[in-house]
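The chains carry the letters A, B and C, assigned in the order they are written, with residues numbered from 1 in each.
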Amino acid sequence: MLSDIAFWGVGLVAVVGGAAVFYVDSMARATYALALSFVAVGLQVLFLQQNYVGVVTILMMVMEMAIMAVYMVMFMGMNPALMPMSMVHSNKAAIAAAVATFLVLAAGILMVDWPTRRGSPPADVTMALGEALMGPKMLVMAVISPVMVATIVAGVVLAAHRTRYDRFGDDLKQRPADDPQPGGVGR
Amino acid sequence: MADPMPMTDAPITTVAPGWAIAALAILGVLVVAAAMLDGALAARAGGGPGTVGGLVRPFGEAARLMRQRRRTTVEADRLLWRIGGAGLLVTAALMVTVVPLGEWTIFDLDVGVMWFNAMDVMVWALVWLTGWGANSAHSLVGGYRFLAHGLGYELPLMFALVAPAIVAESLNVGAVAAAQEGLWFAVWMPVAFLVYLLGVAAFSVWGPFAPAIGTDVAGGARAELSGVDRLVFEAGRYALLAAGAAFAVPMFLGGGAGPLLPGWAWVLVKTVALLAVLVWLRRRLPAFRPDKFMEVGWMLLLPAVLLQDLVVAVVAVWRS
Amino acid sequence: MDHGGHEGHEGHEGHEGMDHGSHEGHEGMDHGAHEGMDHGAHEGMDHGAHEGMDHGAHEGMDHGDMEMSPGGIPLAEGGEDRDGLEMDVLQVRLGPVLPHWPAGLVLRCSLQGDVIVKAQAELVDGRARQDDEVVGPARGIDNIASLLALAGWDDAAAEARRIRDTALEPGDGAAGSEVERLRRRVRRSRTLRWSLRGVRRLSDEDAHARGLPADAVGDTYERLMGMLDRAVAGVAATAARGTGTRPNDADRTLSTDHLAHLLTGLDLATARLVLASLDIHELLAGQAEHEVSHG
């Protein structure tokens, strides 16, 4: 009973937090409203006994929002915290899309013929979930992650306008390297 | 909806939630003790009011801050500012819920190690919010500096926590403590232990990791904090330091294991000793400036701790 | 708590010194009038007006009208930063009262992020000071204390401050051995060396062009070591009362004209380290109202 109330309470926080993202008038508040929403979702996942998934959700989302706030402020060029600004744009189209999506999903929930539970949940639901998600596709998953990392690194390398020739000179012999902001290892 | 926290088979009893007050009281005592120790060490270094004067200085300071009028800044984002300042204390309290005191714990979570990690990441958000909320240049610079440090220390800290979990084959804090019978993890995982201690200092914005609130940015994130807000912020830093020290005991220092004394006493003794070391560390080291530390975190600490994890994993496989 | 008492004051002074300055810096807005406003009412009104306008008139995440200025603070102007991206420019005034900062110096900075892209230095109450043979070395030690405090080493800074006080007292020259001990302690710290190495390296030409003494050549760590060496020599000379050759402090001056050049392109914290490492005993008001821009 108590945990039911807590579950629904946390769910409400998640929804209200998500809505607040569009209602508040500053980038920082929007970002951290989203973080709050994610933390609430993480707590809900804890109630589903997916402890690992729930805690990891909280961890990753708080970290991500802390960094995202920096980018939001950076790219939305605005006096920090000063200028109240609207978090929404293209209002009419957005509302239409949101309502339509909600209706489709809600209709789906109501109309799908949900199967009844067969058997009982396994002792370790986290492991069961992991196996159900990627058991037979483990090789694909294992390949994808290094590819993703390589993509990120390659993207950064291509985007950086300074190359090793800028750092070490044309014959790559200049030491210490010529950096606008020298690092702490001294390479 | 079933009980969200399934019990694990570690030799740990979960106490009634009411005991959380006792845990908070212990945390409070540790905070005061750490502040007194720091005051005494500062007094000794500065040749000021003498060691005794230094011991009582935190109380005078607390009294002064409680009487102080709140400073206001133009167009401050008060909500976020207050959340940031008060959040550190809450985060520290949530951290200690998974630390077993001998055989008792408040929250026997099967992924306690991850829980601790999630809480320490909260500090990223909180310090930045403290810096942001005040709407002042130095304060904001301080907040950003903390994130710059965070990018340097967080991954090494995470991988340092992985090492004990690999050997214990569990993320439950009690199980990790039970797994180091005979030999403490601190002894045969020294790199992970040291990196963990650096991480504790870092998420407590303490000692060499204090540039976010450094003198060179006129107080940084806490530049505009005054009165009770400042008191709570400072108490939060000490509480994080104490919580980090307490968490190291089951992770690296054998939990409640030790001769003569009961388990809970050993946990406290080890916590206090580690906390003293962390407080003292601040006396020894100048600041790790974020622009220099970032590279150290990624180029030295991260590979070192990954290597440690590899060694630990190989040993674990070889032993089983 | 910890050194709260001390820092509390610093924070406060810092606040007075620069924060309001940042607001004033914005195209001469009247600070006084703005403070006088009823804050609560002002804020409420402001938000209401904005929301109405933003939702109604603006499509797209557009940033309101340029003349809107919440709290009386106008919007920041954009500018190219050192990576060639556009970034907001924030006007911040440092000084004249700031802990570990040359007395009377006012630095009007344009910041992008925390990097000083443009600076203008001036002096409040620039009266010439006469340092005698006691005050001179003590001022040097005080500068060492400032640099150590800015580098985040509270203990060594406290020790330096204590030695400064000893050096100011007429008497037995007890400061000599203490300052020698401080020099050994600082020299032993590898973290400090790592932290200050390579920070704002000045060549011979740089030092000459900026009117700095020859010992300002090198990076910030080398300058700190030079300061300690001079302090040791200075205290010894004072104790010997003129029999030794006292290092000449007369040329430890810097014109505000040159200051901006030395600090542009550095981030706020580094700039303060560099400024402290120059061991300035006296600032001279510049000849020209000098404005220097970076890059």
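As a convention for this text, a contact is a pair of C-beta atoms (placed from the backbone, for glycine too) under 8 Å apart; a residue touches a chain by one contact, two chains touch by 3 or more.
On a predicted model such as this, the values are computed, not experimentally measured, just so you know.
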item	value
Chain at the geometric heart of the assembly (C-alpha centres)	B
Selected pair, greater C-beta contact count between A-B and B-C	B-C
Separation of chain A from chain C, taking each centre as the mean of its C-alpha atoms, in whole Å	39
Mean-CA-position distance for chain C and chain B (Å)	32
Inter-centroid spacing, chain B versus chain A (mean Cα positions, whole Å)	25
Interface hub residues of chain A, defined as touching at least two other chains	82, 182, 184
Where chain B touches two or more other chains, by residue	75, 144, 288-289, 291-292
Numbers and ranges of chain C residues touching at least 2 other chains	70-71, 73, 194
For the chain B and chain C complex, residues of the former touching the latter	35, 38-39, 42, 45-48, 57-58, 60-62, 64-65, 71-75, 136-138, 141, 144-145, 208, 210-211, 214-219, 222-226, 230-231, 234-235, 238, 282-289, 291-292
Interface residues, chain C side, partner chain B - complex	1-5, 7-8, 10-12, 14-15, 17-19, 22-23, 34, 39, 43, 70-73, 90, 92, 98-100, 111, 113-114, 148-156, 158-159, 161-162, 189, 191-192, 194-195, 267-270, 272-273
Residues of chain A touching chain B in the complex	3-4, 7, 26, 28-29, 32, 35, 46-47, 49, 51-52, 55-56, 58-59, 62-63, 65-67, 69-70, 80-82, 181-185, 187
Footprint of chain A on chain B - complex, ascending	1-6, 75-77, 79-80, 109-111, 114-115, 117-118, 121-122, 124-125, 128-129, 132-133, 135, 140, 144, 147, 150, 154, 171, 288-289, 291-296, 299-300
Residues of chain A touching chain C in the complex	25, 74, 76-79, 82-91, 161, 176, 180, 182, 184, 186
